[in-house]
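In the two complexes that follow, subunit A is the common piece, with subunit B as its partner first and subunit C second.
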Partner chain A sequence: MSLLRPFSKLPELNMANVLLVGNDDTFQHVLADAIVKQENNVNVNVRLARTLPLPAENEDSRPRIDLVVLIVNLRSELSLSSTETSLKHLDTGFFLGKVCFLVTGARCTSVPHERLASLRKIAVSLHCPLLFTEDQTAKGISAAAGRVLNILRVSAGLVPLATGLGLSTLIRCSLPPDLDCQD
Partner chain B sequence: MNPVLCLSLCLTPNNVFCIVVEAGTPWKGNDTVERHLAAVERVGLSRGLSPQAVSILLEFSLSLRSAIGIRVLKFLVPASTVPEEAIIRGVSWLCVDKMPVNMQVLFVRWVLTVFDLIDSKDQLRAIYGFIFNFVTEENLVRRVLVLLFITYPLLELQTRMGCQPFLMHLLSVYKVYCPELVTISVPAKMKSGFKNHNSTWKAALAAVQKSSTTELLSDLQLSVGVSQQPATRKRKLHRHLTIPAVSSSIQSQSRLSGSKVFPLEQLRTFSQLLENLHRIELPAQMGSLLGSTVALHFLDCVRDSSAFLRLNFWLGHLLHEEFIFCKDGGTQDLTEATGFLNTLISTQCFLQEGFAATELFLYKFLNIWDGSLLRPEILGLLSNIPVVPCSRIKTLLFEPLMQLFFTSSLFFKCSVIECLTNMLLKWLTWHSVYAFEDELDISVTSQTPMNMTLSGLMDSVVELVHFVGRISTIGLQLEGYHSLLLSFTLDFYMMVSDMYLKYDLPLVLMPPAGVFYPALFATDPVNLDKLCHIMYRYRTNLMSAKNQEQKMKISRKTYHEFNQYVVSMVSCLWNSRAFQPGMGLEMDEGLLSRSGVPEPWTRFSLVYHPAFLGYAVDFHENCWPERMKMDLSSIKLGKRWDWYVEFLYCQGLQGLKEFMQSSLRRQSSVGGTRATSDSQSQPPS
Partner chain C sequence: MACSPPPATPRSGRAPGGGKSYAGRSRRSLGVELTNIGITPGQLTGLRAPTSRGFPKSRNITEHVDPEQIALLVKNEWKLSYVTPLYQFRHVQLKSYSKQLSAFIVSEKQQGIAVEIGLETNFKVVFSVVLGLAETEDDAETVFIQIHSKPPFAGDGDVPKIIWSGWLTCVGGNPDYLRSLPSGFVCLPLFCASGSESLTSLVKLWFERTFDCSFGTLNLNSTYLQWLASMWTGCHHVSSIRYLKLVWNLPAQPPLDISYTVHPQDAWDLWNSVREQDSTGDTIGINEVERFMKGLESHFFRHFRIYLSAGMLTKVSTAFGSAHCDGKIKVCTLLQPGIFNIS
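Up next is the complex of A and B:
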């Protein structure tokens, strides 16, 4: 089992690399396009993977990964379980502000309530942010791309006076209060 | 074997044939009965049954206590309305206590489905107690509502309120309030059974009603929306994200029979409202109130807690169904949603209070929001929420907002700050309206009387102000001290600085250094001018607080912070002694010299400050038009300095003028260019 490590390679100048992990190919591609189109100041390199671990043969040519985005489609159970397996192949260093979850389909009726709840629990236990996305509309996708870029810029060290770890303490997921029991 | 009791009948919508059957006739294998039933079933499911026929058939089916009764009940689809007396007789059959449980369940569900089609509900209201008795009966509970014990407090509340389609609410409430529990405790088999029965009825009802009047159709759609069964997921999208038409629950019959009720749909003008205020009946659909201003006036006047309860239920359910639990997960056209939310916002502005249902919805929605969907509307609603108790404000509001704030764009950050400014404005306004001498009683929403003491409100306000201070400090840092964000942040503090004098809240909170210094060194004059105005307002508030010390106690720390800021500002802008010891913001001399800037202490004076440099150049050109070489330092000499300051005041920098005139005591002996910061606002000894 090969772990993906955040600090094993040197960063390049004006370069940010993001790895999108998820088994929803179409959404992944649309999102990658939107991310690349939105950023003009630095070179953003978007890499896609269905699951982790990444194949060992490309290890040398692969740049340093600044942010891992785990895309979870709540409409499918498989998406959640494959994300859970992928998490095991990330070095602990990534959880210091270089991982975020991107959730689609959270407002969908067909999604069982427990699926979101268990994902939230994972995110809370790993101190990771949970970004919700409207993946069906172009506006929603471009908003999601903007938010991923915002985190990427910080975690790639492109924003002065801000670090990925610092940002992640502000935006990491928290368990929402149980409104129904209190009212 | 059960005998067919008295009659079987065959009918068309126009005429009813009764076939009297001898008591004791066997029904099993009786072809005649079977044939008639099939005919009625066909008519019922295709065209619907007339009120009279519904009445007879209901009586017939409930009297049977057998499989035929259930079969009849299943195709009992009304074409237009259902007579009230039929329902009442049905309930009386329920009371006989010989009916099998599955029959009882089916009957109650049928009543719920056709509830909005019942022609009059006056007498029905009187026997709600009986119906409830049945619902609480254990056997029925297990079949109808697994979760009654959870929703029981709610049920009890509504029982006290009186005139409500309670059962309908009950059935829908359990799904809205605890979806996770439902999926656990309702067996899948039973759930699907539910679905089939109701969707059959509803589909049949919808098909039958298509041909009838439009008014009835809209009523039906609403009933489909409100009676929240799993089957409602099959409805067409956004079918009911519209404000329903006003229709009174009192139908023509009872109106003719002499009751002096003024139906709300006839209400057109304000004078009509005044004349008939005591006779107006609340409409069948509370949601219809949102569409009409006069109706809202009425709602505001009556202050009827059951009216608010009903409105909140309808609203909460609708918002949940359309935005949190939607069928397609968000591909729908948003124009309708935008329109609806805007109506809701303007209603809340009109009533000057937020609905509890909206508040609850927002707390849920913030946790799954992407920060872009319907942004202006959601933030508009958010700024209207009533004061959140200090103990829950962090988890309910701050944490989800913070997660969105720091990951989103600059414009989102600005709109969040603006939203929080409006929220604070609402809270302060409520306070200044409801404030009493010693103990404060804010009854923000009449349906949930929220009694909040002065200290409770102050704690919440302090939390809010600190939260904004925190997020704007870090937000400014992340966005490279963007002028736009800075401007929105200063707008917030403009309100905070005036809390005591303008809104009568005995509280003075200073901005954090992370907001103050970026504003002091801002590159645009607008923000600097705002800062000057804010400091002037702080000063005025602190002065009057000091004069009324017995009423409020401002901590020494606040005075100290304020003085520190004033010293910094005066030494930077006026005295050209920035960064020197004792002048507020200090900086190591070695570090300053390494920057290579000549005379760094003068760089933020009124002449050289980046925000004022343009004005200085302009003034220089006006003063010495013939000079080829610009020498800004000559502005500082003699009378020119006074002229220059006057020149700045004339450029619309009112805040600067207020600040300078209040905080400076000019020492004429030092030639006008030196001034000391005022010592009047020293901490009280």
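Up next is the complex of A and C:
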């Protein structure tokens, strides 16, 4: 099992690399375009993957990944289960402020509540932020791109005096008291 | 596409949890122990999905309920809504409600019309009680509503046609919740309607104004549909389900609807193979339901290389009835009162 490591490579000047992991190809591409278009000051490099682990043969040419965004489409069970398997291929160093979840389809009424509840519990246990986004509208996608970029700038070390770990302690997902936690 | 799964044990990534009803949580085990830091358990009904359900009792409903009334309930496809408790609703005043509702419908239809030309205004509303559907003494009796109308140019001998019917029911409601209601409230949380959309909204409006309640759409998410598919299959030995038909919608271009029909005996064999050994036979756990669905999905994957879990389960049907994720149900036989336990 090849782990993806956050600190095994040197960072490049004025460069931020984000890895989008998710099953939903169309949303991934649209989001990637939006992220690249929104950022003007820094070279943003968006890489896409359906699942982790990443193929070993590109290991050398791959830049250092500053942020892993796991996209979960709540409309499909497969999206959630493949995210769970992907998580196992991330080095623990990533969970110090270099991973976030992006949830789509949470407003769809025919989605079972348990999916969101279990995703929340995963995010809480891994101390990661959970971002909700609308994938059907252009406005929602540009908002999502903006939020991902904000986190990316910090986790890539481009914001003075801010660190990914510091930001993540502020915005990480916490369980609301009304979420039923009794086993 | 029709195929039938072999009675093989489906793949399951979960270790048997020692019979502990972890259900929704442990299936998301990541090898990471979930830490409950500073969490106080609270009340949010929406997130507290049941992890096990009692097996539907096959009580003979024809002994309790008038067969004519059963015939009214089973022939239509019903659109479901939820209703908040009704204030000051009395089962003894149904006659006056009939008059009020028909007057209300007529007045709403006449709004903005100066001269009445051939407008169907002779509505007749009949409220009736369906006795015997309630399972416990906390459940309020079911109320059935029919709207008859005579076409404008009908002769005297013509019988008025039923143009709309609907019912409000409560079967096996949560006793804690029902007892916690203040006095003066009657809880009939499920509203089923069949007929034109405009009449449905008029009836809803009248109820909202008269009994200070609120209606909302009730969708059946895929977990509910999976429960239904499993519980119906589990009843196969009592009464034949004849077929188990599941419809998935996959987000492809163009959208793909997959209809998956399973032979009842194969479904029953699969269901038996996923039942837990220590289960007593009258309750079903959510993990049994999940394994049943996983078994069906992995069989489909072996044949067609399509992950059904990538899409959404939109419809389940057997000989007992059908349920659609938009909140439409059809009851074909009333052997299974379990399907009403949605509240």
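Keep this in mind: the second predicted complex is superposed on the first by the 178 of 183 C-alpha atoms of A that agree within 3 Å, B and C clash if a C-alpha of one lies under 4 Å from a C-alpha of the other, contacts with A are read in each partner's own complex, and residues count from 1 in each chain.
Just so we're on the same page, a contact is a pair of C-beta atoms (placed from the backbone, for glycine too) under 8 Å apart; a residue touches a chain by one contact, two chains touch by 3 or more.
Predicted model, so just to flag it, every value in this text is computed and none were measured.
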Clash-or-fit label for the pair subunit B, subunit C on subunit A: clash
Most subunit A residues touched (candidates subunit B, subunit C): B
Which superposed partner A:Ala16 touches (first subunit B, second subunit C, both, neither): neither
First (subunit B), second (subunit C), both or neither touched by A:Val44: neither
First, second, both or neither for A:Glu84, with subunit B first and subunit C second: second
Touched partner set for A:Ile122, first subunit B, second subunit C, both or neither: second
Subunit B versus subunit C as contact partner of A:Ser76, first or second or both or neither: second
Partner chain in contact with A:His113 - subunit B first, subunit C second, else both or neither: both
Subunit C collision site on subunit B, chosen from 135-143, 297-305 or 459-467, when both complexes are overlaid on chain A: 135-143
Where subunit A meets both subunit C and subunit B, residue numbers: 75, 109, 111-114, 117, 177, 179-180, 182-183
Sites on subunit A touched by subunit B in the complex: 75, 104-109, 111-114, 116-117, 129-134, 136-137, 139-140, 143-144, 146-147, 150-151, 154, 159-162, 167, 170-174, 176-177, 179-180, 182-183
In the complex with subunit A, residue positions of subunit C that touch it: 20-22, 24-25, 27-28, 30-36, 39-44, 46-49, 217, 219-224, 251, 307, 309-312, 325-326
Of all residues in subunit A, those that touch subunit C in their complex: 23-24, 75-79, 81, 84, 87-88, 109-114, 117-118, 121-122, 124-126, 175, 177-183
Complex contacts: residues of subunit B adjacent to subunit A: 177-180, 183, 233, 323-331, 360, 363-364, 367-373, 392, 395-396, 399-400, 402-403, 406-409, 474, 477-478, 480
